[in-house]
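What follows is a group of structures, each given as structure tokens.
Presented sequentially are two complexes of chain A, the first with chain B as partner and the second with chain C.
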Partner chain A sequence: MTELTQEIAVAERTKRRKLPEAWFAWMLVAPAIIFIAVIVAWPLAETIRLSFMEADLGGEEFVGAANYADLLDSRKFHETVVRTFYWMFLSVGLKLILGLIGATLLNAAIPGRALFRVLVMPPWVIPIAIGCIGWLWLYNGYFGLLSGLGQRLGILDGPFEFLAYKQSAFYSAIVTDVWVGTPMVTLFLLAAMQGVSRDLYEAAWVDGAGRWYRFRRITIPQIMPVLVSMALLSAIWTFNSFEIIWILTEGGPRGATTTLIVDTYKTAISNYKFGEGAARAVIIVILLALFSLIYLFFLNKVNRKYGVK
Partner chain B sequence: MMDRYTIPQKIGLYIAVAIFLTFILLPFFEMFMASLRPLEHLFRSPYQFWSEDFSFQAYSDMWETVPLLGRYIFNSIYIASMVTAITMAFVVPAAYAFARMDFPFKSATLGIFLAVNMFTGAVLLIPLYRVLRTLGLLNTYWAMIVPGVAFLIPTGIWLLRSYLEKIPRELEEAAYVDGASRLYTLRRVVLPLAVPGLIVVGVAVFIGAYAQQFLFAITFNQTRELQPLPAGLYEFIGYQSVTWNEMMAAALVGVLPVMVIFLFLQKYLVAGLTAGAVKE
Partner chain C sequence: MATLDLENICKSFGPAKVLHDIDLAIRDKEFVVFVGPSGCGKSTLLRIIAGLEEATDGRIVIEGRDVSREDPVDRGISMVFQSYALYPHLTVFENIAFPLRVQKMTQQDVNQRVNRAAEILQLTDKLTLKPGQLSGGQRQRVAIGRSIVREPKVFLFDEPLSNLDAALRGDMRVELSQLHRELNATMVYVTHDQVEAMTMADRIVVLNGGRVEQFGSPMELYHHPATKFVAGFIGQPNMNFVPGTVVEANGDGVAIDTVDGARLVLPVDRAGVSTGDAVEIGIRPEDVRLGDGLGLNIRVLERLGGVSIAHGALSDGTRFCASLDGNARIEEGVPVGLTVDPACAHVFKADGTVLRRQAAPALVA
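Let's turn to the complex of A and B:
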């Protein structure tokens, strides 16, 4: 074969491959899309439809935007929205800080590192509902370790029920949420840190850069893409964190731990007000979509700054 | 040399690790302590750290209080395994397409997958219940498997796509030049190279499936024999009394099989995530 015919043959093969590429790609993606459409999109459409209905066990009646109007007028709902964002920012912030500290510790070259890495994982690996049983007992004022220890050390005068007061219940729930979410953040940041080229550190070290300088100027910029995408995922999950609050406090005491998702569940499932619950669900989706868009805009900027595609 | 620490630095590091791990492991310690206390001692105030009557009695009694306990543990693992297998079957081809091919509406489709992350089961519970009823899946294993799969597909695609993008394209191009078809290349060139990534994504999906059974189980399934462990544990909240010590014992024993599996896989997990992070 001459060079020319060979080239033509390659070109033809490329063409044959190129032509059905879009079709082939769609065939690969289609099963996942169809599945999601049935199990997520259909219920979502149904939720939007329900949100314009006065719906309960008795039946449905079209009421227009009344459900939304009620929510926008309700001061209690405004407080819930604010509380949910406060819950999300505080919890995600703590998860990222603790995750960063944890990953740095587990990345340090000290004996026992492999064991420590294993010991960090359990909260992530076990079912959330089971971890919460442990926390439920820890927070118990009479039989729990925290209250017992506090009294022994003289910090507390008597038994303290962590979940019985508005403030302490909210922050206790945050602590548990952080406990559930930190290991995964730690693991992903650790993986990102290990992906940073050693050459960079060595070059900096030769130039006399200290540990803190290397962390700030090499580690942080290098793991930034992972850090920001972890932050978004973590924010969405924390916003919708349901089981932890439900098992610990069911949104109480007096609504102190009621976030949007708990409010939605209470309205729709506990009180059978399907229409009003659906309106809340739609608002959750809208708020999260807005938040994500703003965040992704910010993410693009960060990525460009650090030269990531 | 660069990694060497002075003695005070080392001590500081170990103290920090100890504090971090105390926070992480405290609830497990508390559960273990509670499981050792006899029931009448459990509700004793003020709190006692140690007492003479600690025993492992609860670990044998629990099987009688909740006879189906073994079944619940099995159900949990079975459901999580099925969810993982089915999710991966959807995720692998889709992630490959997103990582390697150009097609119309690609980024829009990817965006839709990401958006699914925003709806947890709790948001869609009522309509989801109706959909599952229409499909005739209520009160079967499928009632807990199907929603689990749907909510894990996006995360799986997202994770695997970024891993696949890091496998050099040249290898595939070489296969095409030799006349290999796309499907053949996916099967014989890409997948073998992606094994570490597949393990990572598989384990992450399994953990997700294992962790999130509670809500679907209490909402979509009334059949006792099919309940997973997190839902089954609530049977210890019985007719007359709550046998908390047995509940704690059952919780710890119940998660043990998965912890052991995880212990073997964690090495690959960290290594796989790391490999995925290496730049081309």
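Let's turn to the complex of A and C:
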């Protein structure tokens, strides 16, 4: 009996020493919360604060919404927004189309398929800076392969600097961006295609469905959720794609390749206008958030339509 | 007249030969089941009939026409897959209508055929659902519906019930048998489950190692297995094999001493054996009763109500299983004597072939 009483006493003491369950739960998630706070929340809050300031190397002064008002009035900024969306839609569209074609070819039962799968990777695997320097040479008017080939084939009259003219610089940058971004889209779509049960194709074949019919009625619907997710991710990355443009053209010539992210960098870092740069950054966040919301709504619909297994 | 003839079908994957000279003549409106253990080539054979695999050698003749080189769709077959192969993004209606859409049939005809199939399969109220919202048995029916609407000459089934639970499998067996009667079509069905084979088939093809061991009606296979393999495969619980030595062979039968010490005189043809040959006596668990003869040490006793299954070993260690009366007074660990009905026993030579039984039970047609 005494032993039992003692045991109860010990148990009660231990119980009192224990933290409440909720505390324990908070402790478990605390590292993650601190991490997110430091990496995401604080910089974001700081950027929002800065966007209401006129800030340079000399100091800060509160100006209210003046930075935003300036941007909304600026025709140049409007052009940049339109150019950024055009850049994004064109580049993502090309990446998805090429990725789909690439994945379909890599998924086909052809000899040496494993080798081709490896050969797709380099644009994605090698550092972007190195790849872009390669493209700089390709686009060079005097030493570049493209200009040289164009002249040999009689398409060009003389040396052509691809990055020196507004239109050609913009589309050249798109080509490089697509070159970098396509392999990953290809591999994701390939993985999705490989997840489609072989039985579905065989059943369709037994029923007389040809290749194109099977692709249209089985492959595309089956990979649709991945295709849509890929489109969203790729859109965000392309929207924020900075290194490629910066290395190739630094946003030029005459702003022809300046997208929102390049504009923000030029304003905040090159011109030391931290407040105006922050206002641009906040607008990027808002635009991307809106875009993502619309997209997620669409994604949900697609998943409901195609995702029922 | 949807007959299906397989002539010398061979199939190799690289150096591995998986089918050896398969010759089968399947009659019109017959329900034939290919049965055998994993890797015996039964699914490969079905896929060759479907046109999903090409035979290395041999011919496939459907309704008198050689279809060996034709695409699946031109062979007049339809196939139900083990995984059902339903399109998850399409409704039940569109899944069933898929082959008709491929053929670009008019909407009116599509509606008519799909609705009729749905009626037969009791899916009418499920047509707007997606496969993900259906139970296993319903998905199975959708897969069957898809093959019905094509009105094929030959239906092919690749282990269609193996993904269902035991109770549902029993129900679906009955439904498939009824469907066969309703559609009055030739059906070829692959399974590894001998119960499915026995219950549904008009005739069974037992495959082993890529060869046909025996082709016959279920009761023919049960009472007259051609080989030890067939004897062991057909029947539940499996047949027992007791090693023995021939001590006398004459016109009345063969006398065999078992390793257990018992002597059995069995009415089988003596052709092919002589005194001193090592043989195996095949005894079905249901063909023994309590009495004198073999001594069985019961290790595990399964009381199923109607019957009691006693698993154990003979005195020499040979594993033996007996299916006895449900109320039999037996216990685990207590030895019992078993009497074997000589007329029901089988004798297998060392090469696995059987000695023909003189007194076999009348065949059920």
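The rule is short, and it goes like this: the second predicted complex is superposed on the first by the 274 of 309 C-alpha atoms of A that agree within 3 Å, B and C clash if a C-alpha of one lies under 4 Å from a C-alpha of the other, contacts with A are read in each partner's own complex, and residues count from 1 in each chain.
The rule is short, and it goes like this: a contact is a pair of C-beta atoms (placed from the backbone, for glycine too) under 8 Å apart; a residue touches a chain by one contact, two chains touch by 3 or more.
Computed from a predicted structure; not experimentally measured.
Chain B and chain C, once both complexes are superposed via chain A, fit side by side. Contact with chain B, but none with chain C, is seen for A:M121 once the two complexes are overlaid on the shared chain.
In the superposed model, A:L28 makes contact with chain B only, not with chain C. Counting the residues of chain A touched by each of chain B and chain C gives the higher count for B. Contact with both chain B and chain C is seen for A:W205 once the two complexes are overlaid on the shared chain.
When the two structures are aligned on the shared chain, A:S91 is found in touch with neither chain B nor chain C. Contacts of A:K305 after superposition: chain C is touched, whereas chain B is not reached. Think of it this way: put the two complexes on top of each other by chain A, and the tightest Cα contact between chain B and chain C is 5 Å. In the superposition on the C-alpha atoms of chain A, the part of chain A touched by chain B in one complex and by chain C in the other spans residues 197, 202, 205.
Residues 2-3, 5, 10, 13-14, 16-17, 20-21, 23-31, 33-34, 42-49, 76, 89-91, 93-94, 96-98, 101-104, 106, 109, 112-120, 122-128, 130-131, 146-147, 149-151, 153-155, 157, 176-177, 179, 182, 207, 210-215, 219, 228-231, 233, 244, 247-248, 251, 254-255, 258-259, 262-263, 266, 269-270, 273-274, 276-279 of chain B are the ones touching chain A in the complex. For chain A in complex with chain B, the touching residues are 10, 13-14, 17, 21-22, 24-29, 31-33, 35-36, 38-40, 42-44, 46-47, 50, 98, 101-102, 105-106, 108-110, 116-131, 133-135, 137-138, 142-145, 147-149, 151-152, 159, 179, 182-183, 187-188, 190-192, 194-195, 197, 201-202, 205, 226, 233, 236-237, 240, 242-243, 261, 264-265, 268-269, 274, 277-278, 281, 284-285, 288-289, 292. The part of chain C that touches chain A in the complex is made up of residues 50-52, 71-73, 77-79, 81-83, 85, 87-90, 98-99, 102-103, 130-133, 146, 150. Chain A contributes residues 197, 199-200, 202-209, 213, 217-218, 221-222, 224, 305-306, 308-309 to its touches with chain C in the complex.
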